[in-house]
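Read through the structures below before going on.
Shared chain: chain A. Partners: chain B in the first complex, chain C in the second.
Our next item is the complex of A and B:
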């Protein structure tokens, strides 16, 4: 026990610094006080939740997952089922059971249940998928995402198929999103320094030695999968409350790749990398959007043509990866100056196992 | 009888597309362990090359008006050229990067290509009439089969034969197979790494362009999203087939095509909209039973 508190003591700096950073973004939004900017910051917090959720599994296990946005989809629709006015559910989603139609919960209760719902499915899928490793696991998680997407795109009277489900209460305040993002950071940190998180990272870096030391890899992966599934589900619920509309295709390949990119550009093996990846790339996207809309310098307006935003984003991502192939943070975490990092930098050891094919 | 024949041809022509896509991905994975997510965008880029040099809102087919014996080499060269350019400007810098990093870099590159096309041509699909003579049906044993399906299948078979003999009979093919098997060893024995990788990219780009040609004449439109679906299925086929195994990729491509078509016909009406869910469920089942793929490539097994 004593040992564990000392790990927590040594590493608590990371979530605290990251929370302070997120708080700074929130205060910035309050100071600017404009509605669109507020929404921008909310979007950033949502992505922080999703990428941190992704980190819990991908970062600790080294297995790239393309499927986590499926849990976001589950969470978003669960939030819609739980928080929409019963009248609207009656017309839009008549296939729901009667008790669910009659139910209308506040958003926070809906988000908690959505997280549990996503975690339940993460457990069911994970039980099957976590026996796989490397690229086979990546593809299997993608197949899971595509299954969820196909079912939600076609199950007319329960999910409204591909048409938008409207009428979800919209949250305009920034604080619920900030609190959820900080909560996600602390859950991720708590998982990373727990016994199972350490075992999982050990197995990521040295699979043979870890299994020789009695680590049950599928079990540790399953735990990470469920924890990250819950965070993704919570993120999905809040996503639904941020825009008030859900469609299955919101939660498909586009969101999958943008969140994965943010994680890898930030540094796959590091919680700080996950958060910084989101903050840096989101700020860049926002800056380019402003340029696209036009910036007046003196009397003349300067604007870049439409489409340049995405192209520039792609080029910057390639450039960052070309110069820092392990991402901005690599394997390190933010800490107090001179404090010991969580995971000693073991560059070269942290080869994700894509190239190794399959372990038994 | 004719219904069965129709299903067979549907399955074969869909499978052909997946197989060609899977080959393009497996070729590159074999030599540099890169899962190339930009492949789908190379397909789209090749289709849009038919509209060159016009970028008007209303599609004016430019290069697409060439006679077929010039058109086909032109499009193949565009695909190969773009692919080689990608290797020279981007992937060359990622030789020692982890596969995850390379994957995201390829995705970012695909993003750049896609939005470049979007900037020039906008997102609305453009109608192109490419080789309209091919949409005539032909009668085979009482079944009316679109001529294009027959040509698709024949072209795929020809490409497969050509590629096989290229890989088996030429020195370059030998080097490529050696590099796919054990890259470091091949380099030590005098295989020039950059040349082999560039060759793989050129071949893969030409295959992508071939898919672009087939898709373009099948649908009569040029659409930026076009490559994405084929790429996903091809990617899955590559993994099911056993990463790095070219025959495996082809077999799995045809298998996926057959599974999609057969499920479309045999599933009960209520379940048909969910067909893809069943296909992906089958993918998971195959991976659970054979995680290393149907034919696992040598050199991809984990060594302890």
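Our next item is the complex of A and C:
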């Protein structure tokens, strides 16, 4: 048998291509040089982080999670606690311990600790939740989100309850967000090609056969839950630094459904789908926003009525799901173009080729 | 010698007894057959032996170790493997990854799992299919992948659940040769559950016959052929001929 190349060697093209795409968006923002456009691209990078974080668990395990934005909330508030000026914390969040009030870390250190904080809670929640499967697991993740939201909306001295927590240092540079998005892509890729990623993808399609193969399914799911929780926490921290203000409701149902929608449209079983889902839907949203605001063509201005954006987005999503139920990418990944040798079957009648396949 | 045994295993659902005090034993290198009409409880027994179904009475043991109560992945790690009706391959993954997953489940390093998977695919005769996506294989190759996946880590026992279903006579003969090698070359104890009774009579000794959740006969192929109880179980009535039922059950 011919010597096989390592799985990392066979699949490295995917994170490299996705990183190049993200870099292209960043360079576009730099070339355009407009502040609103810069912020638009930062928002896209934040969504990439969140959707990729969601993919690490949902894409590999096949369990839909409605709760991951809870980890984003944990990360965002952790970043606020760690990076706000002590004076502001003393005023807005007097219930924090004195050492935390006195602490003011740079944003990157805050983001790392926020990721670890979210990962810790993902481990605690996941220890219980990962024993569940299917719709029971999905509902339980939603309960987790509701629990986090309720606590953060009511713990006035520590979270400011429903009031806005202001004074979080704002980052205007696009590069930290680009680096974090690329880091998220590489972490997701590293997890997918790891032992635990392979075991989890096998179990996603055939949990019974995976158990019969010696796979401890709750354990593998828990690892993915913790890794994805960490990415969501990092995304939450950067989210906080992108707007400088957090409230619990920023990280609730709206953000949950937009991230899930982008993952579903891109293709739940594909890292490339997660990134492309964000880039395509975000570009579409932005284009429709511009058209709603009005575009000058010669001496006349062309504009579409307000509200068309939501309608058009809904139509696109329905169309994609109707004609490509597995999303734009299905289970495939972007890779270098090359012919793939296919060995003939040894015996029997060929079954129809399924619309599936992971580029490896 | 380490034996896999079911000791008075009973599975009762509400008002329905799927298995009733079933005793069964498999030794290393032995090919034991398990036959019975549809609904007799054959797959339920396999599920009990591999931890997918908890018995409501009795116990499953491996040597001196009680397996009942362990989870399926723990039983697999103890050396009791199984295949499923219909294959249940990881259809999106390449064939080699299907086997590698078991290596990972058994705690092997990635490199060791891939190396064993390559050797195993050659051993079961489908080395050329290593990079094919499993979901695109013809069913006869699917069965070989499923068997190769179950044999990763050289389990002490393997339970084959209807591996010959849908196969032609020639394909079933190839499968029979493979099963003999599993017992002979690997020293693995095999429990073969099959509707193709001719295949079971050819390969297995002893053979247990399950009907309505109870073992009604256990013995050598000749004894099973001659058994009135077995005839009755399959035909619903005693027949005069010398167990013709076994040919019509394919």
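What we mean here is this: the second predicted complex is superposed on the first by the 333 of 360 C-alpha atoms of A that agree within 3 Å, B and C clash if a C-alpha of one lies under 4 Å from a C-alpha of the other, contacts with A are read in each partner's own complex, and residues count from 1 in each chain.
Here is the rule we go by: contacts are C-beta pairs under 8 Å (C-beta built on N, C-alpha and C of every residue); 3 or more make two chains touch, one makes a residue touch a chain.
All values derive from a computational prediction rather than experimental measurement.
In the superposition on chain A, contact of A:142 is made with chain B only, not with chain C. In the superposition on chain A, contact of A:102 is made with neither chain B nor chain C. In the superposition on chain A, A:124 makes contact with neither chain B nor chain C.
After overlaying the two complexes on the shared chain, residue contacts for A:303 are found with neither chain B nor chain C.
Applying the stated contact rule after C-alpha superposition, one finds that A:27 touches neither chain B nor chain C.
For chain A, the partner that touches more of its residues is B, with chain B and chain C as the two candidates.
Judged by the touch definition given at the top, the superposed model places A:210 against chain C, while chain B stays out of reach.
When both complexes are aligned on chain A by C-alpha atoms, chain A residues 208, 350-351, 353-354, 356-358 touch chain B in the first and chain C in the second. Remark: chain B residues 33, 35, 90, 93-94, 96-101, 103-105, 107-109, 111-112, 114-116, 118-119, 228, 232, 235-236, 239-240, 243, 273-277, 280-281, 283-284, 287-288, 291-293, 296, 300-302, 304 touch chain A in the complex.
Chain contact summary for the complex, chain A toward chain C: residues 1, 4, 195, 198-199, 201-202, 205-206, 208-217, 269, 331, 341-351, 353-354, 356-358, 360.
Only residues 64, 128-129, 131-136, 139-140, 142-144, 146-147, 150-151, 154, 208, 253, 257, 260-261, 264-265, 268, 305-308, 310-311, 313-315, 317-318, 321-322, 325-327, 350-359 of chain A touch chain B when the two sit together in their complex. Those residues of chain C lying in contact with chain A across their complex are 50, 52, 71-73, 76-77, 81-82, 84, 88-94, 96-98, 100-102, 104-107, 110, 114, 118, 122, 125-133, 135-141, 149-150, 152-153, 171.
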